[in-house]
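A, B, C and D label the chains in the order they appear, each numbered from 1.
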């Protein structure tokens, strides 16, 4: 048959000899990803109207072009990127009959050149689900262990050794929840009584020690949100009322510092508030904190905002106010010297890209993602 | 609600400090179900129960509106728009025995009531009447008061379909 | 604890003794479906942006209220209803890892009072998928066998005995495709050469005989669409150019009849055309054919229309023209004496309900269904 | 295209009449893959191939627009909007070896070309640049010319991600 085809093509081309040469027959190929740039954007799509089919989209923030996609199972939350971007790790959940049958959870490893699954590790079928939270999972600074938050509703953390590709341990964090990596072998969790605990792991990923902080916020009067940002060895926990509790984990200790306020009295009177999903982000190089803000009444801690205010983490002073092209619930800031500020809102498919230094709107990326959540970059 | 919340955090922490992990998980599992489920019936009885679809006499407003008083801390699809009601799951869905709890004021009698926001589970998203109100909502490290959490726990699957707003009783300030 | 609670409630209610009695504590329940009516509407949601999470919504056409929902796995197509509405049968497809792993296909039986799965039969993992087609599946007139179209791309039909709840046979239909039930033990399939074949089953559901028709349409010049309607023992196959080929299967034979035209010369000149998904439906009691029509150029056989034209199947004359409230790709007509005309369009979530006799718009049902397709009634 | 289409229907029918079901299924499987896949490479080679993302010199227009000449019979998400191109799958997606085939006229040289609309498979819906053009499209009982069919056949899974428009060669009227 192939031979016959060649004859038939040659004949056809002969027929058209006078006019310019016809198009040549093509071979279908499969694209590969180019070299990663700091402006690559992984945008999680919870796909709320079809969350059995959650996805993570990869865009080039400089062009807005979609580069690829991962299908991430039921209740997708976010990805973990190896520090050297050698792999992408995704906690995924499946049922043998979609909404029924046997529940299986895995941590899948994807290749960063062709986005193909390279392997999976079965993990306890207990992952915390619902509204996505960045702190429902994390990766240690050296990229050795991926940490996955569990809620049954009893809380614990699953530890996966991604180098050995095996599940190591489930560490209970009773009365506490969430995962905030604090080094190569440690992470912190926030607790319902206004404290936090730091868990130290041994080299195998098992529990080595557990340290508890003093109470540093009032969980009833002014709780910190679970949406925190990391600045070096410090995690910034921001309260409903806009107070920043910086906790320094350098050297394996827990150092509490005096909270500082995002809003002065005038701004409070004008009802400025924090709010959204992942409403804050830090650019480490410039030491700047980006916060989505809005004006409104009480219980606005999940409301999207039309403005991002920028703070200098050395002086705690506001240094810029960025009016957004469209309301934002979550933001991300790329890690490079010419950072992008990227916003998403579950009510608006897609993502919006700004110059993080000037606040200039650069482009709006059309969705899907249909109900975007997490925004992450290499 | 404070009494409940304090009991929850203190209680679980106390257990955590004095027991092994496995022992802990089993016991806290029970303890927490106990906590959140105190005012609820076991699932078996719940499913068998007649479901009062109409609001009670001393209520007013539209149960299918996000502004309905009971929904003051809800986050999800109203089951009343999905084939159920404010206090019943749609056909074939399974009520979660564990849940988060809010306190809402009934405009008719001016009283504060404890509202249990049981999720209905086992079918994927209903997609109708999405509401998000956060009065008294707390972060997920205070699970019993957080509406971000998928409360399809203790059900056959953790597949979320819609949310209810069930009156448990009067709230008493302590 | 329960005892403690009672005391605590009693106390609370005592406190408020002066004012009207407080609300009583409620028990959460689970709703059951009431008695079915002919105006119940099963609307399939392919959920194209999340088709791993396809659904079927059940609405009351008289009120627009949602009554319930089924999750129908990957590539949902439609439901089959037992003639006595004692059960709902749904072909469902699943992968062990959502988009990867082992493919499993089942025919699931759902209870019509509580919409719970009552059982499943494993079927060959070969079901035809893509754009939904009503004729990708069917049920015999007596409700004994459900027939499922396979394409690998080799074509065949899986036969499931839903009474015995077992898979019976896979019957090849080479060169042909689709399933059009023609009795208790038979169905027809359309063939690529302009013929059709009728398959007769024995009482166990195995192949008994195969009859082939003469060529009755030109598959190149004016093919019939695969979207047909049944009128008694007759199937109406409508061609791209609007010619109706009525094929009578009474008594197990295949009786071809002279095609008749939906459009006269004037209408053709005005470029009136058929088009859409399931663009036609029949109301048996009144002997009327409903067809979605539009004006436009060639290759419009999948374009939605803003009008439905109604024909008398006895006289082949047009008897009514119904301007629609919004464009429609698919329609359904309920079976009762006061029938509803229901339309859906994958570009518009929800469904629209009209009086099928007067054409009066009754209500628009808000979506989801997010990308609605099939419309079926008891 | 007629020669191909006639070969397909006649061929498969002939086999159908003279063979048992099992024998038939195996042979038609092969026959049909042969039919639709004639001008295509085996998947293995296809995947290994460099993917020419740019249109050829004698083309004009925007490959990311539904109006692009090659897309005259496409139904699906343009792979060029999903990380691939008009003739390459996005990273990690698998090209279908079997496909439907259309005939489109290249406005630049006025010639009719055979276009192969291979689906890319193994990831769920890309969701970008949904196009539906039906020039020459036929019902699903003429599979080789139907764009309604999910052509993720002969791939690891039948999960559809996006569609390509690959030039196979000149179309010759018979």
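Operating definition for what follows: a residue touches a chain if its C-beta (ideal position, glycine included) is under 8 Å from a C-beta of that chain, and two chains touch if they have at least 3 such contacts.
What you see is a predicted model, and the numbers here were worked out from it, not measured in a lab.
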Discussion item. Taking each chain's centre as the mean of its C-alpha atoms, which one ends up farthest from the centre of subunit C?
Written reply: A
Discussion item. Averaging over Cα atoms per chain, report the distance between subunit A and subunit B in Å.
Written reply: 28
Discussion item. On a C-alpha centroid basis, what's the spacing between subunit A and subunit C, in Å?
Written reply: 41
Worksheet item: Using mean CA coordinates as chain centres, what's the subunit B-subunit C distance in Å?
Response: 37
Worksheet item: Can you list the residues of subunit B that touch 2 or more other chains?
Response: 123-125, 127, 159
Worksheet entry | Sites on subunit C at which at least two other chains make contact | 49-53, 71, 74, 98-100, 368, 370
Discussion item. Building nodes from the protein chains and edges from chain pairs that touch, which of line, ring, star, complete or other describes the result?
Written reply: other
Worksheet item: Between which chains does touch occur?
Response: A-B, A-C, A-D, B-C, C-D
Discussion item. Which stretch or stretches of subunit C touch subunit A in the complex?
Written reply: 47, 49-53, 71, 73-74, 92, 94, 96-100, 104, 106, 117, 120, 368, 370
Discussion item. Applying the document's contact rule, which stretches of subunit D touch subunit A when the two form their complex?
Written reply: 34, 38-41, 45-47, 49-53, 56, 58-59, 81-85, 87-95, 106, 109-111, 113, 116, 118, 120, 123-128, 159, 161, 164, 166-172
Worksheet entry | Touch list for subunit C against partner subunit D, complex | 48-52, 74-75, 95, 98-100, 103, 128-131, 133, 151-156, 170-172, 174-178, 189-193, 219-220, 223-226, 298-302
Worksheet entry | Complex contacts: residues of subunit B adjacent to subunit A | 2, 5, 8-10, 12-13, 15-16, 21, 24-25, 28-29, 32-33, 36, 75, 98, 122-125, 127, 132-143, 148-151, 153, 156-160
Item to complete: Mind listing the subunit C positions that touch subunit B in their complex?
Response: 1-2, 5, 8-9, 11-13, 15-16, 19-33, 53, 55, 58, 65-71, 110-111, 113-116, 366-368, 370
